[in-house]
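The structure is given below, and queries will be raised subsequently.
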(Lines give C-alpha, C1' and ligand atoms only; values in the text may rest on other atoms or scores of the structure.)
Protein backbone atom coordinates (compact mmCIF):
# COMPACT_ATOMS: atom_id res chain seq x y z
CA UNK A 1 0.00 0.00 0.00
CA UNK A 2 1.19 3.46 -0.97
CA UNK A 3 2.38 5.56 1.97
CA UNK A 4 0.06 8.55 2.44
CA UNK A 5 1.24 11.23 4.85
CA UNK A 6 -2.16 12.18 6.27
CA UNK A 7 -3.29 8.61 7.00
CA UNK A 8 -1.95 6.80 10.05
CA UNK A 9 -3.74 3.48 10.11
CA UNK A 10 -5.46 2.88 6.79
CA UNK A 11 -8.25 0.57 7.99
CA UNK A 12 -9.14 2.82 10.91
CA UNK A 13 -9.08 5.81 8.61
CA UNK A 14 -11.42 4.18 6.07
CA UNK A 15 -13.89 3.00 8.66
CA UNK A 16 -14.20 6.39 10.33
CA UNK A 17 -16.11 7.98 7.44
CA UNK A 18 -19.85 8.15 7.98
CA UNK A 19 -20.99 10.67 5.36
CA UNK A 20 -20.90 10.16 1.59
CA UNK A 21 -22.41 11.79 -1.48
CA UNK A 22 -23.03 10.01 -4.82
CA UNK A 23 -21.43 11.24 -8.06
CA UNK A 24 -21.64 9.78 -11.57
CA UNK A 25 -18.70 10.32 -13.95
CA UNK A 26 -19.72 12.49 -16.91
CA UNK A 27 -18.47 11.97 -20.45
CA UNK A 28 -17.12 15.52 -20.51
CA UNK A 29 -15.02 14.72 -17.43
CA UNK A 30 -12.97 12.04 -19.20
CA UNK A 31 -9.84 12.78 -21.25
CA UNK A 32 -8.12 11.23 -24.24
CA UNK A 33 -6.41 8.62 -22.05
CA UNK A 34 -9.92 7.19 -21.68
CA UNK A 35 -10.32 7.79 -17.97
CA UNK A 36 -11.47 10.52 -15.58
CA UNK A 37 -9.21 13.53 -15.97
CA UNK A 38 -7.15 14.11 -12.81
CA UNK A 39 -8.39 17.69 -12.38
CA UNK A 40 -12.04 16.62 -12.04
CA UNK A 41 -11.45 14.86 -8.73
CA UNK A 42 -11.31 18.28 -7.10
CA UNK A 43 -14.75 19.08 -8.51
CA UNK A 44 -16.00 15.97 -6.73
CA UNK A 45 -14.20 17.00 -3.54
CA UNK A 46 -15.87 20.42 -3.72
CA UNK A 47 -19.31 18.95 -4.32
CA UNK A 48 -18.86 16.42 -1.51
CA UNK A 49 -17.58 19.12 0.85
CA UNK A 50 -20.50 21.45 0.16
CA UNK A 51 -23.05 18.68 0.62
CA UNK A 52 -21.30 17.74 3.86
CA UNK A 53 -21.42 21.36 5.04
CA UNK A 54 -25.14 21.41 4.27
CA UNK A 55 -25.61 18.15 6.17
CA UNK A 56 -24.02 19.57 9.32
CA UNK A 57 -25.81 22.91 8.94
CA UNK A 58 -23.07 25.43 8.24
CA UNK A 59 -23.41 25.88 4.46
CA UNK A 60 -26.76 27.56 5.06
CA UNK A 61 -25.15 30.37 7.05
CA UNK A 62 -22.67 31.08 4.25
CA UNK A 63 -25.33 31.04 1.57
CA UNK A 64 -27.84 33.06 3.58
CA UNK A 65 -25.46 35.96 3.30
CA UNK A 66 -26.37 36.78 6.87
CA UNK A 67 -22.88 36.49 8.27
CA UNK A 68 -19.59 38.10 7.32
CA UNK A 69 -17.64 34.92 6.60
CA UNK A 70 -17.08 32.89 3.48
CA UNK A 71 -15.15 29.63 3.19
CA UNK A 72 -11.98 29.55 1.10
CA UNK A 73 -9.70 26.68 0.23
CA UNK A 74 -6.36 26.88 2.03
CA UNK A 75 -4.81 23.71 0.66
CA UNK A 76 -5.78 20.48 -1.07
CA UNK A 77 -4.07 17.15 -1.42
CA UNK A 78 -5.07 14.12 -3.44
CA UNK A 79 -3.74 10.60 -3.95
CA UNK A 80 -4.82 8.63 -7.00
CA UNK A 81 -4.94 4.94 -6.08
CA UNK A 82 -7.05 3.53 -8.90
CA UNK A 83 -8.22 4.81 -12.27
CA UNK A 84 -11.82 5.98 -12.61
CA UNK A 85 -13.80 5.60 -15.83
CA UNK A 86 -16.77 7.09 -17.66
CA UNK A 87 -20.17 6.38 -16.16
CA UNK A 88 -18.87 4.94 -12.91
CA UNK A 89 -21.04 5.62 -9.88
CA UNK A 90 -18.82 6.88 -7.12
CA UNK A 91 -19.27 7.64 -3.44
CA UNK A 92 -17.47 10.76 -2.23
CA UNK A 93 -16.84 10.38 1.51
CA UNK A 94 -16.08 13.46 3.62
CA UNK A 95 -15.20 13.81 7.31
CA UNK A 96 -13.76 16.36 9.66
CA UNK A 97 -10.25 15.57 10.82
CA UNK A 98 -9.47 18.58 13.01
CA UNK A 99 -11.12 21.90 13.84
CA UNK A 100 -9.21 25.15 14.31
CA UNK A 101 -10.41 28.58 15.46
CA UNK A 102 -11.04 29.75 11.89
CA UNK A 103 -10.50 26.59 9.88
CA UNK A 104 -11.43 22.96 9.47
CA UNK A 105 -9.33 20.12 8.10
CA UNK A 106 -11.36 17.74 5.95
CA UNK A 107 -10.48 14.27 4.73
CA UNK A 108 -11.86 12.73 1.55
CA UNK A 109 -12.20 9.23 0.13
CA UNK A 110 -13.75 8.19 -3.19
CA UNK A 111 -14.95 4.62 -3.71
CA UNK A 112 -16.30 2.98 -6.85
CA UNK A 113 -19.24 0.58 -7.08
CA UNK A 114 -17.04 -2.39 -6.25
CA UNK A 115 -16.25 -0.67 -2.94
CA UNK A 116 -12.67 -0.14 -4.09
CA UNK A 117 -10.91 3.01 -2.89
CA UNK A 118 -9.90 5.07 -5.94
CA UNK A 119 -8.96 8.37 -4.33
CA UNK A 120 -7.93 9.67 -0.93
CA UNK A 121 -7.47 13.30 -0.07
CA UNK A 122 -7.46 16.06 2.48
CA UNK A 123 -7.57 19.83 2.62
CA UNK A 124 -8.08 22.76 4.91
CA UNK A 125 -10.93 25.22 4.51
CA UNK A 126 -10.59 28.59 6.20
CA UNK A 127 -13.42 30.98 6.97
CA UNK A 128 -12.38 34.48 5.92
CA UNK A 129 -14.08 37.82 6.30
CA UNK A 130 -15.90 38.84 3.11
CA UNK A 131 -14.50 42.35 3.10
CA UNK A 132 -11.01 41.98 4.55
CA UNK A 133 -10.19 38.46 3.35
CA UNK A 134 -8.64 37.80 6.78
CA UNK A 135 -9.29 34.57 8.75
CA UNK A 136 -12.54 34.92 10.66
CA UNK A 137 -13.41 32.92 13.78
CA UNK A 138 -16.26 30.38 13.77
CA UNK A 139 -19.22 31.72 15.71
CA UNK A 140 -20.61 29.53 18.47
CA UNK A 141 -23.32 27.98 16.34
CA UNK A 142 -20.91 27.02 13.57
CA UNK A 143 -18.39 25.65 16.04
CA UNK A 144 -21.11 23.54 17.62
CA UNK A 145 -22.19 22.23 14.24
CA UNK A 146 -18.62 21.32 13.38
CA UNK A 147 -17.99 19.66 16.75
CA UNK A 148 -21.19 17.65 16.80
CA UNK A 149 -20.23 16.20 13.44
CA UNK A 150 -16.86 15.10 14.74
CA UNK A 151 -18.10 13.64 17.96
CA UNK A 152 -20.65 11.56 16.12
CA UNK A 153 -17.66 9.97 14.44
CA UNK A 154 -15.18 9.73 17.26
CA UNK A 155 -17.22 8.50 20.15
CA UNK B 1 -20.99 22.02 -47.81
CA UNK B 2 -23.35 21.71 -44.88
CA UNK B 3 -26.24 24.17 -44.95
CA UNK B 4 -25.96 26.60 -42.02
CA UNK B 5 -28.98 28.80 -41.36
CA UNK B 6 -27.10 31.91 -40.27
CA UNK B 7 -24.65 31.97 -43.18
CA UNK B 8 -25.79 33.26 -46.56
CA UNK B 9 -22.72 33.16 -48.76
CA UNK B 10 -19.99 31.11 -47.09
CA UNK B 11 -16.94 32.76 -48.70
CA UNK B 12 -18.23 36.27 -48.04
CA UNK B 13 -19.04 35.27 -44.49
CA UNK B 14 -15.57 33.84 -43.86
CA UNK B 15 -13.74 36.82 -45.33
CA UNK B 16 -15.69 39.36 -43.28
CA UNK B 17 -14.03 38.42 -39.98
CA UNK B 18 -11.22 40.76 -38.96
CA UNK B 19 -10.72 39.94 -35.26
CA UNK B 20 -9.39 36.67 -33.87
CA UNK B 21 -8.01 35.40 -30.57
CA UNK B 22 -5.62 32.43 -30.19
CA UNK B 23 -6.52 29.37 -28.10
CA UNK B 24 -4.57 26.16 -27.51
CA UNK B 25 -6.49 22.94 -26.80
CA UNK B 26 -5.82 21.69 -23.28
CA UNK B 27 -5.50 18.04 -22.34
CA UNK B 28 -8.34 18.40 -19.83
CA UNK B 29 -10.60 19.64 -22.64
CA UNK B 30 -10.41 16.38 -24.59
CA UNK B 31 -12.69 13.39 -23.94
CA UNK B 32 -12.42 9.64 -24.26
CA UNK B 33 -13.20 9.80 -27.98
CA UNK B 34 -9.75 11.38 -28.27
CA UNK B 35 -10.85 14.81 -29.47
CA UNK B 36 -11.98 18.14 -28.06
CA UNK B 37 -15.20 17.63 -26.09
CA UNK B 38 -18.13 19.37 -27.81
CA UNK B 39 -19.01 21.42 -24.71
CA UNK B 40 -15.60 23.15 -24.62
CA UNK B 41 -16.23 25.05 -27.87
CA UNK B 42 -18.53 27.34 -25.91
CA UNK B 43 -15.69 28.12 -23.51
CA UNK B 44 -13.67 29.24 -26.54
CA UNK B 45 -16.64 31.28 -27.81
CA UNK B 46 -16.90 32.99 -24.42
CA UNK B 47 -13.20 33.75 -24.28
CA UNK B 48 -13.18 35.05 -27.87
CA UNK B 49 -16.27 37.17 -27.20
CA UNK B 50 -14.82 38.75 -24.07
CA UNK B 51 -11.52 39.54 -25.77
CA UNK B 52 -13.48 41.03 -28.67
CA UNK B 53 -15.53 43.16 -26.25
CA UNK B 54 -12.28 44.37 -24.70
CA UNK B 55 -10.89 45.15 -28.15
CA UNK B 56 -13.85 47.38 -29.02
CA UNK B 57 -13.89 48.96 -25.57
CA UNK B 58 -17.17 47.81 -24.00
CA UNK B 59 -15.94 45.05 -21.68
CA UNK B 60 -14.20 47.70 -19.58
CA UNK B 61 -17.52 49.38 -18.75
CA UNK B 62 -19.02 46.10 -17.56
CA UNK B 63 -16.01 45.21 -15.46
CA UNK B 64 -15.59 48.70 -14.03
CA UNK B 65 -18.85 48.18 -12.26
CA UNK B 66 -19.61 51.81 -13.05
CA UNK B 67 -22.75 51.16 -15.05
CA UNK B 68 -25.93 49.25 -14.29
CA UNK B 69 -25.72 46.75 -17.13
CA UNK B 70 -24.23 43.28 -17.40
CA UNK B 71 -24.11 41.10 -20.52
CA UNK B 72 -26.04 37.82 -20.53
CA UNK B 73 -26.22 35.11 -23.14
CA UNK B 74 -29.58 34.99 -24.90
CA UNK B 75 -28.87 32.15 -27.29
CA UNK B 76 -25.96 30.23 -28.77
CA UNK B 77 -25.62 28.09 -31.85
CA UNK B 78 -22.69 26.00 -33.01
CA UNK B 79 -21.91 23.87 -36.06
CA UNK B 80 -19.12 21.31 -35.85
CA UNK B 81 -17.48 20.98 -39.27
CA UNK B 82 -14.22 19.29 -38.40
CA UNK B 83 -12.85 17.50 -35.35
CA UNK B 84 -10.39 19.35 -33.11
CA UNK B 85 -7.60 17.57 -31.24
CA UNK B 86 -5.34 17.99 -28.21
CA UNK B 87 -2.68 20.66 -28.48
CA UNK B 88 -4.05 22.25 -31.66
CA UNK B 89 -3.53 25.99 -31.91
CA UNK B 90 -6.82 27.54 -32.91
CA UNK B 91 -7.95 31.00 -33.97
CA UNK B 92 -11.32 32.04 -32.57
CA UNK B 93 -12.79 34.68 -34.90
CA UNK B 94 -15.57 36.97 -33.65
CA UNK B 95 -17.59 39.66 -35.44
CA UNK B 96 -20.74 41.64 -34.94
CA UNK B 97 -23.57 40.64 -37.23
CA UNK B 98 -26.35 42.95 -36.09
CA UNK B 99 -26.89 45.45 -33.28
CA UNK B 100 -30.19 45.90 -31.44
CA UNK B 101 -31.23 48.46 -28.84
CA UNK B 102 -30.20 46.22 -25.95
CA UNK B 103 -28.45 43.35 -27.70
CA UNK B 104 -25.81 42.36 -30.19
CA UNK B 105 -25.70 39.35 -32.48
CA UNK B 106 -22.21 37.85 -32.73
CA UNK B 107 -20.86 35.37 -35.24
CA UNK B 108 -18.00 32.98 -34.52
CA UNK B 109 -15.57 30.92 -36.59
CA UNK B 110 -12.79 28.65 -35.34
CA UNK B 111 -9.90 27.73 -37.62
CA UNK B 112 -7.03 25.33 -37.00
CA UNK B 113 -3.39 25.87 -37.95
CA UNK B 114 -3.98 24.56 -41.45
CA UNK B 115 -6.49 27.38 -41.91
CA UNK B 116 -9.32 24.85 -42.01
CA UNK B 117 -12.66 25.93 -40.57
CA UNK B 118 -13.54 23.58 -37.71
CA UNK B 119 -16.44 25.42 -36.08
CA UNK B 120 -18.95 28.10 -37.01
CA UNK B 121 -21.38 29.68 -34.61
CA UNK B 122 -23.52 32.61 -33.61
CA UNK B 123 -25.32 33.91 -30.57
CA UNK B 124 -27.05 36.93 -29.13
CA UNK B 125 -25.80 38.75 -26.06
CA UNK B 126 -28.26 41.00 -24.24
CA UNK B 127 -27.36 43.74 -21.81
CA UNK B 128 -29.59 43.46 -18.76
CA UNK B 129 -29.96 45.63 -15.68
CA UNK B 130 -28.00 44.24 -12.73
CA UNK B 131 -30.87 44.61 -10.29
CA UNK B 132 -33.97 43.98 -12.38
CA UNK B 133 -32.54 41.52 -14.91
CA UNK B 134 -34.53 43.34 -17.62
CA UNK B 135 -33.03 44.28 -21.01
CA UNK B 136 -31.14 47.53 -20.67
CA UNK B 137 -30.39 49.89 -23.57
CA UNK B 138 -26.83 50.52 -24.75
CA UNK B 139 -25.65 53.96 -23.71
CA UNK B 140 -24.29 56.22 -26.41
CA UNK B 141 -20.67 55.34 -25.81
CA UNK B 142 -21.31 51.60 -25.97
CA UNK B 143 -23.45 51.97 -29.08
CA UNK B 144 -20.69 53.95 -30.75
CA UNK B 145 -18.14 51.32 -29.81
CA UNK B 146 -20.34 48.58 -31.25
CA UNK B 147 -21.08 50.51 -34.44
CA UNK B 148 -17.50 51.50 -35.11
CA UNK B 149 -16.53 47.85 -34.95
CA UNK B 150 -19.18 46.91 -37.52
CA UNK B 151 -18.46 49.70 -39.92
CA UNK B 152 -14.81 48.79 -39.99
CA UNK B 153 -15.97 45.48 -41.35
CA UNK B 154 -18.77 46.46 -43.69
CA UNK B 155 -17.39 49.43 -45.53
CA UNK C 1 -42.54 34.75 -25.44
CA UNK C 2 -39.24 34.72 -27.28
CA UNK C 3 -39.47 33.35 -30.81
CA UNK C 4 -37.47 30.13 -31.08
CA UNK C 5 -36.90 28.79 -34.58
CA UNK C 6 -37.11 25.09 -33.75
CA UNK C 7 -40.33 25.30 -31.75
CA UNK C 8 -43.66 25.60 -33.58
CA UNK C 9 -46.29 25.54 -30.86
CA UNK C 10 -44.68 26.05 -27.47
CA UNK C 11 -47.25 24.23 -25.30
CA UNK C 12 -47.36 21.22 -27.61
CA UNK C 13 -43.59 21.17 -27.69
CA UNK C 14 -43.28 21.25 -23.90
CA UNK C 15 -45.86 18.55 -23.33
CA UNK C 16 -44.27 16.15 -25.79
CA UNK C 17 -41.24 15.42 -23.61
CA UNK C 18 -41.50 12.19 -21.65
CA UNK C 19 -37.89 11.56 -20.58
CA UNK C 20 -35.91 13.65 -18.11
CA UNK C 21 -32.72 13.31 -16.09
CA UNK C 22 -31.99 15.16 -12.81
CA UNK C 23 -28.97 17.47 -12.45
CA UNK C 24 -27.88 19.60 -9.50
CA UNK C 25 -25.92 22.82 -10.17
CA UNK C 26 -22.39 22.58 -8.80
CA UNK C 27 -20.53 25.47 -7.20
CA UNK C 28 -17.71 25.11 -9.74
CA UNK C 29 -20.28 25.57 -12.54
CA UNK C 30 -21.22 29.08 -11.46
CA UNK C 31 -19.33 32.22 -12.55
CA UNK C 32 -18.62 35.62 -11.07
CA UNK C 33 -22.00 36.94 -12.21
CA UNK C 34 -23.39 34.63 -9.53
CA UNK C 35 -25.26 32.28 -11.81
CA UNK C 36 -24.67 29.11 -13.85
CA UNK C 37 -22.06 29.85 -16.50
CA UNK C 38 -23.59 29.69 -19.99
CA UNK C 39 -21.11 27.07 -21.20
CA UNK C 40 -22.18 24.50 -18.58
CA UNK C 41 -25.63 24.07 -20.10
CA UNK C 42 -24.00 22.00 -22.83
CA UNK C 43 -22.52 19.69 -20.19
CA UNK C 44 -26.07 19.11 -18.97
CA UNK C 45 -27.28 18.55 -22.54
CA UNK C 46 -24.53 15.96 -23.04
CA UNK C 47 -25.32 14.17 -19.80
CA UNK C 48 -29.07 14.18 -20.55
CA UNK C 49 -28.46 12.93 -24.10
CA UNK C 50 -26.24 10.06 -22.97
CA UNK C 51 -28.70 8.99 -20.29
CA UNK C 52 -31.48 9.16 -22.89
CA UNK C 53 -29.41 7.03 -25.29
CA UNK C 54 -28.92 4.50 -22.49
CA UNK C 55 -32.66 4.54 -21.77
CA UNK C 56 -33.54 3.68 -25.37
CA UNK C 57 -30.72 1.12 -25.61
CA UNK C 58 -28.30 2.56 -28.15
CA UNK C 59 -25.57 3.92 -25.88
CA UNK C 60 -24.70 0.36 -24.94
CA UNK C 61 -23.76 -0.50 -28.53
CA UNK C 62 -21.40 2.49 -28.74
CA UNK C 63 -19.77 1.74 -25.42
CA UNK C 64 -19.51 -1.99 -26.03
CA UNK C 65 -17.04 -1.18 -28.76
CA UNK C 66 -18.70 -3.96 -30.74
CA UNK C 67 -19.74 -1.82 -33.66
CA UNK C 68 -17.87 0.54 -35.96
CA UNK C 69 -19.86 3.68 -35.20
CA UNK C 70 -19.44 6.46 -32.69
CA UNK C 71 -21.76 9.43 -32.13
CA UNK C 72 -20.47 12.93 -32.84
CA UNK C 73 -22.12 16.28 -32.36
CA UNK C 74 -23.05 17.92 -35.66
CA UNK C 75 -24.64 21.07 -34.27
CA UNK C 76 -26.06 22.47 -31.04
CA UNK C 77 -28.41 25.32 -30.29
CA UNK C 78 -29.47 26.74 -26.97
CA UNK C 79 -31.88 29.45 -25.81
CA UNK C 80 -31.49 30.88 -22.32
CA UNK C 81 -34.94 31.86 -21.00
CA UNK C 82 -34.26 32.17 -17.29
CA UNK C 83 -31.16 32.35 -15.13
CA UNK C 84 -30.07 29.26 -13.22
CA UNK C 85 -28.35 29.44 -9.84
CA UNK C 86 -26.07 27.42 -7.58
CA UNK C 87 -27.59 24.35 -5.98
CA UNK C 88 -30.77 24.36 -8.08
CA UNK C 89 -32.16 20.93 -8.87
CA UNK C 90 -32.92 20.80 -12.56
CA UNK C 91 -34.67 18.37 -14.86
CA UNK C 92 -32.99 17.92 -18.25
CA UNK C 93 -35.64 16.74 -20.73
CA UNK C 94 -34.57 15.05 -23.98
CA UNK C 95 -36.63 13.82 -26.93
CA UNK C 96 -36.12 12.76 -30.51
CA UNK C 97 -37.43 15.23 -33.03
CA UNK C 98 -36.48 13.55 -36.31
CA UNK C 99 -34.43 10.53 -37.39
CA UNK C 100 -32.20 10.47 -40.46
CA UNK C 101 -30.30 7.60 -42.04
CA UNK C 102 -27.14 8.34 -40.05
CA UNK C 103 -28.30 11.02 -37.64
CA UNK C 104 -30.88 11.98 -35.06
CA UNK C 105 -32.17 15.42 -34.17
CA UNK C 106 -32.68 15.86 -30.43
CA UNK C 107 -34.59 18.54 -28.57
CA UNK C 108 -33.79 19.63 -25.02
CA UNK C 109 -35.61 21.47 -22.25
CA UNK C 110 -34.34 22.30 -18.77
CA UNK C 111 -36.79 23.07 -15.96
CA UNK C 112 -36.09 24.20 -12.42
CA UNK C 113 -37.83 23.00 -9.26
CA UNK C 114 -40.63 25.51 -9.71
CA UNK C 115 -41.38 23.83 -13.05
CA UNK C 116 -40.21 26.96 -14.87
CA UNK C 117 -38.50 26.46 -18.23
CA UNK C 118 -34.98 27.87 -18.03
CA UNK C 119 -33.42 26.50 -21.20
CA UNK C 120 -34.55 25.11 -24.53
CA UNK C 121 -32.28 23.59 -27.13
CA UNK C 122 -31.75 21.24 -29.99
CA UNK C 123 -28.92 19.57 -31.84
CA UNK C 124 -28.09 16.87 -34.33
CA UNK C 125 -25.96 13.85 -33.47
CA UNK C 126 -24.42 11.92 -36.34
CA UNK C 127 -23.09 8.40 -36.17
CA UNK C 128 -19.71 8.28 -37.90
CA UNK C 129 -17.36 5.41 -38.67
CA UNK C 130 -14.59 5.15 -36.10
CA UNK C 131 -11.84 4.83 -38.68
CA UNK C 132 -13.02 6.96 -41.58
CA UNK C 133 -14.99 9.60 -39.66
CA UNK C 134 -17.65 9.41 -42.39
CA UNK C 135 -21.39 9.26 -41.60
CA UNK C 136 -22.36 5.69 -40.87
CA UNK C 137 -25.91 4.32 -41.24
CA UNK C 138 -27.87 3.14 -38.22
CA UNK C 139 -28.12 -0.65 -38.17
CA UNK C 140 -31.57 -2.18 -37.90
CA UNK C 141 -31.45 -2.61 -34.14
CA UNK C 142 -30.42 0.99 -33.52
CA UNK C 143 -33.02 2.30 -35.95
CA UNK C 144 -35.69 0.28 -34.16
CA UNK C 145 -34.56 1.62 -30.80
CA UNK C 146 -34.69 5.18 -32.09
CA UNK C 147 -38.11 4.71 -33.73
CA UNK C 148 -39.72 3.06 -30.77
CA UNK C 149 -38.74 6.01 -28.66
CA UNK C 150 -40.34 8.45 -31.07
CA UNK C 151 -43.53 6.52 -31.60
CA UNK C 152 -44.09 6.35 -27.89
CA UNK C 153 -44.19 10.11 -28.02
CA UNK C 154 -46.01 10.84 -31.23
CA UNK C 155 -48.86 8.33 -31.29
CA UNK D 1 4.53 32.71 6.05
CA UNK D 2 2.40 29.58 5.93
CA UNK D 3 4.31 26.41 6.61
CA UNK D 4 4.36 24.21 3.50
CA UNK D 5 5.64 20.67 3.95
CA UNK D 6 7.36 20.31 0.58
CA UNK D 7 9.27 23.61 0.77
CA UNK D 8 12.41 23.84 2.92
CA UNK D 9 13.73 27.33 2.35
CA UNK D 10 11.13 29.46 0.62
CA UNK D 11 13.45 31.93 -1.15
CA UNK D 12 15.73 29.20 -2.44
CA UNK D 13 12.70 27.24 -3.59
CA UNK D 14 11.23 30.22 -5.47
CA UNK D 15 14.48 31.14 -7.17
CA UNK D 16 15.13 27.60 -8.41
CA UNK D 17 12.33 27.67 -11.00
CA UNK D 18 13.55 28.42 -14.53
CA UNK D 19 10.57 27.33 -16.68
CA UNK D 20 7.17 29.01 -16.77
CA UNK D 21 4.12 28.99 -19.03
CA UNK D 22 1.61 31.87 -19.33
CA UNK D 23 -2.09 31.38 -18.54
CA UNK D 24 -4.93 33.91 -18.58
CA UNK D 25 -7.89 33.38 -16.23
CA UNK D 26 -11.09 32.70 -18.17
CA UNK D 27 -14.49 33.98 -17.16
CA UNK D 28 -15.84 30.42 -17.08
CA UNK D 29 -13.13 29.53 -14.55
CA UNK D 30 -14.43 31.94 -11.91
CA UNK D 31 -17.18 31.07 -9.43
CA UNK D 32 -19.87 32.97 -7.57
CA UNK D 33 -17.39 34.09 -4.91
CA UNK D 34 -15.96 36.27 -7.69
CA UNK D 35 -12.56 34.59 -7.91
CA UNK D 36 -10.87 31.68 -9.68
CA UNK D 37 -12.55 28.46 -8.59
CA UNK D 38 -10.14 26.32 -6.54
CA UNK D 39 -10.51 23.30 -8.85
CA UNK D 40 -9.18 25.19 -11.89
CA UNK D 41 -5.68 25.51 -10.45
CA UNK D 42 -5.16 21.85 -11.29
CA UNK D 43 -6.04 22.57 -14.92
CA UNK D 44 -3.23 25.15 -14.90
CA UNK D 45 -0.88 22.64 -13.25
CA UNK D 46 -1.71 20.11 -15.97
CA UNK D 47 -1.18 22.59 -18.77
CA UNK D 48 2.09 23.82 -17.25
CA UNK D 49 3.30 20.24 -16.70
CA UNK D 50 2.55 19.20 -20.29
CA UNK D 51 4.27 22.26 -21.72
CA UNK D 52 7.24 21.55 -19.47
CA UNK D 53 7.33 17.93 -20.67
CA UNK D 54 7.32 19.22 -24.25
CA UNK D 55 10.13 21.64 -23.43
CA UNK D 56 12.37 18.88 -22.10
CA UNK D 57 11.42 16.51 -24.92
CA UNK D 58 9.51 13.69 -23.24
CA UNK D 59 5.91 14.63 -24.09
CA UNK D 60 6.66 13.89 -27.72
CA UNK D 61 7.41 10.24 -26.95
CA UNK D 62 4.10 9.80 -25.13
CA UNK D 63 2.11 11.49 -27.86
CA UNK D 64 3.92 9.73 -30.69
CA UNK D 65 2.36 6.53 -29.45
CA UNK D 66 5.68 4.87 -30.24
CA UNK D 67 6.40 3.67 -26.75
CA UNK D 68 4.41 1.61 -24.28
CA UNK D 69 4.26 4.16 -21.48
CA UNK D 70 1.76 6.85 -20.57
CA UNK D 71 2.03 9.35 -17.71
CA UNK D 72 -0.51 9.18 -14.89
CA UNK D 73 -0.98 11.40 -11.88
CA UNK D 74 0.00 9.69 -8.65
CA UNK D 75 -0.68 12.55 -6.27
CA UNK D 76 -1.20 16.31 -6.25
CA UNK D 77 -0.92 18.94 -3.59
CA UNK D 78 -1.76 22.61 -3.72
CA UNK D 79 -1.47 25.56 -1.35
CA UNK D 80 -3.58 28.66 -1.99
CA UNK D 81 -1.65 31.71 -0.79
CA UNK D 82 -3.48 34.51 -2.57
CA UNK D 83 -6.78 34.81 -4.41
CA UNK D 84 -6.74 34.88 -8.21
CA UNK D 85 -9.27 36.85 -10.24
CA UNK D 86 -10.84 36.98 -13.69
CA UNK D 87 -8.56 38.08 -16.51
CA UNK D 88 -5.35 37.93 -14.51
CA UNK D 89 -2.28 36.93 -16.50
CA UNK D 90 -0.47 34.23 -14.57
CA UNK D 91 2.86 32.47 -14.90
CA UNK D 92 2.76 28.76 -14.12
CA UNK D 93 6.25 27.67 -13.06
CA UNK D 94 7.21 23.99 -13.16
CA UNK D 95 10.40 22.22 -12.11
CA UNK D 96 11.60 18.73 -11.38
CA UNK D 97 12.24 18.05 -7.71
CA UNK D 98 13.29 14.40 -7.78
CA UNK D 99 13.44 11.62 -10.36
CA UNK D 100 12.60 7.98 -9.58
CA UNK D 101 12.94 4.88 -11.74
CA UNK D 102 9.37 5.19 -13.07
CA UNK D 103 8.28 8.54 -11.71
CA UNK D 104 9.10 12.19 -11.40
CA UNK D 105 8.21 14.60 -8.62
CA UNK D 106 7.26 18.04 -9.94
CA UNK D 107 6.93 21.31 -8.07
CA UNK D 108 4.64 24.14 -9.16
CA UNK D 109 4.39 27.86 -8.45
CA UNK D 110 1.86 30.33 -9.87
CA UNK D 111 2.62 34.05 -9.87
CA UNK D 112 0.40 36.95 -10.89
CA UNK D 113 1.44 40.02 -12.88
CA UNK D 114 2.64 41.79 -9.75
CA UNK D 115 5.10 38.91 -9.26
CA UNK D 116 3.16 37.82 -6.17
CA UNK D 117 3.06 34.08 -5.45
CA UNK D 118 -0.58 32.95 -5.48
CA UNK D 119 -0.20 29.18 -5.53
CA UNK D 120 2.43 26.60 -4.69
CA UNK D 121 2.13 22.90 -5.36
CA UNK D 122 3.72 19.58 -6.05
CA UNK D 123 2.81 16.18 -7.36
CA UNK D 124 4.22 12.93 -8.62
CA UNK D 125 3.70 11.65 -12.15
CA UNK D 126 4.27 7.97 -12.79
CA UNK D 127 4.87 6.38 -16.16
CA UNK D 128 2.70 3.27 -16.44
CA UNK D 129 2.44 0.62 -19.14
CA UNK D 130 -0.48 1.28 -21.47
CA UNK D 131 -1.75 -2.29 -21.32
CA UNK D 132 -0.96 -3.41 -17.78
CA UNK D 133 -1.26 -0.09 -15.97
CA UNK D 134 1.86 -1.06 -13.97
CA UNK D 135 4.71 1.39 -13.32
CA UNK D 136 7.06 1.36 -16.30
CA UNK D 137 10.73 2.40 -16.16
CA UNK D 138 11.97 5.47 -17.99
CA UNK D 139 14.00 4.46 -21.03
CA UNK D 140 17.49 5.92 -21.37
CA UNK D 141 16.44 8.79 -23.60
CA UNK D 142 13.64 9.89 -21.26
CA UNK D 143 15.87 9.59 -18.22
CA UNK D 144 18.48 11.75 -19.93
CA UNK D 145 15.89 14.33 -20.81
CA UNK D 146 14.65 14.42 -17.24
CA UNK D 147 18.15 14.63 -15.78
CA UNK D 148 19.38 17.33 -18.11
CA UNK D 149 16.45 19.47 -17.04
CA UNK D 150 17.35 19.07 -13.37
CA UNK D 151 21.03 19.68 -13.76
CA UNK D 152 20.37 22.89 -15.63
CA UNK D 153 18.68 24.01 -12.45
CA UNK D 154 20.91 22.60 -9.79
CA UNK D 155 24.37 23.36 -11.05
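Should a chain be cited, it is by its letter among A, B, C and D, assigned in written order, with residues numbered from 1 in that chain.
As a working rule, contacts are C-beta pairs under 8 Å (C-beta built on N, C-alpha and C of every residue); 3 or more make two chains touch, one makes a residue touch a chain.
Everything quoted here is computed from the prediction, not taken from an experiment.
Listed by label, the chains touching chain C and chain D alike are A, B.
Comparing mean CA positions across the assembly, the chain most remote from chain B is A. For the pairs B-D and A-B, the larger set of C-beta contacts lies at A-B.
Taking the mean of the C-alpha atoms as each chain's centre, chain B and chain C sit 23 Å apart. If each chain is reduced to the centroid of its CA atoms, chain B and chain D end up 31 Å from each other. If you average the Cα atoms of chain A and of chain B, the two centres end up 37 Å apart. Among all residues of chain A, those that touch two or more other chains are 27-28, 37, 39-40, 43, 46, 86. Against chain C, the residues of chain B that register as touching in their complex are 5, 33, 37-40, 42-43, 45-46, 70, 72-80, 83, 133.
Touching chain C in their complex are the following residues of chain A: 26-28, 43, 46-47, 50, 63, 86-87.
Across the complex, chain C meets chain D through its residues 27-28, 30-32, 34-35, 37, 39-40, 86.
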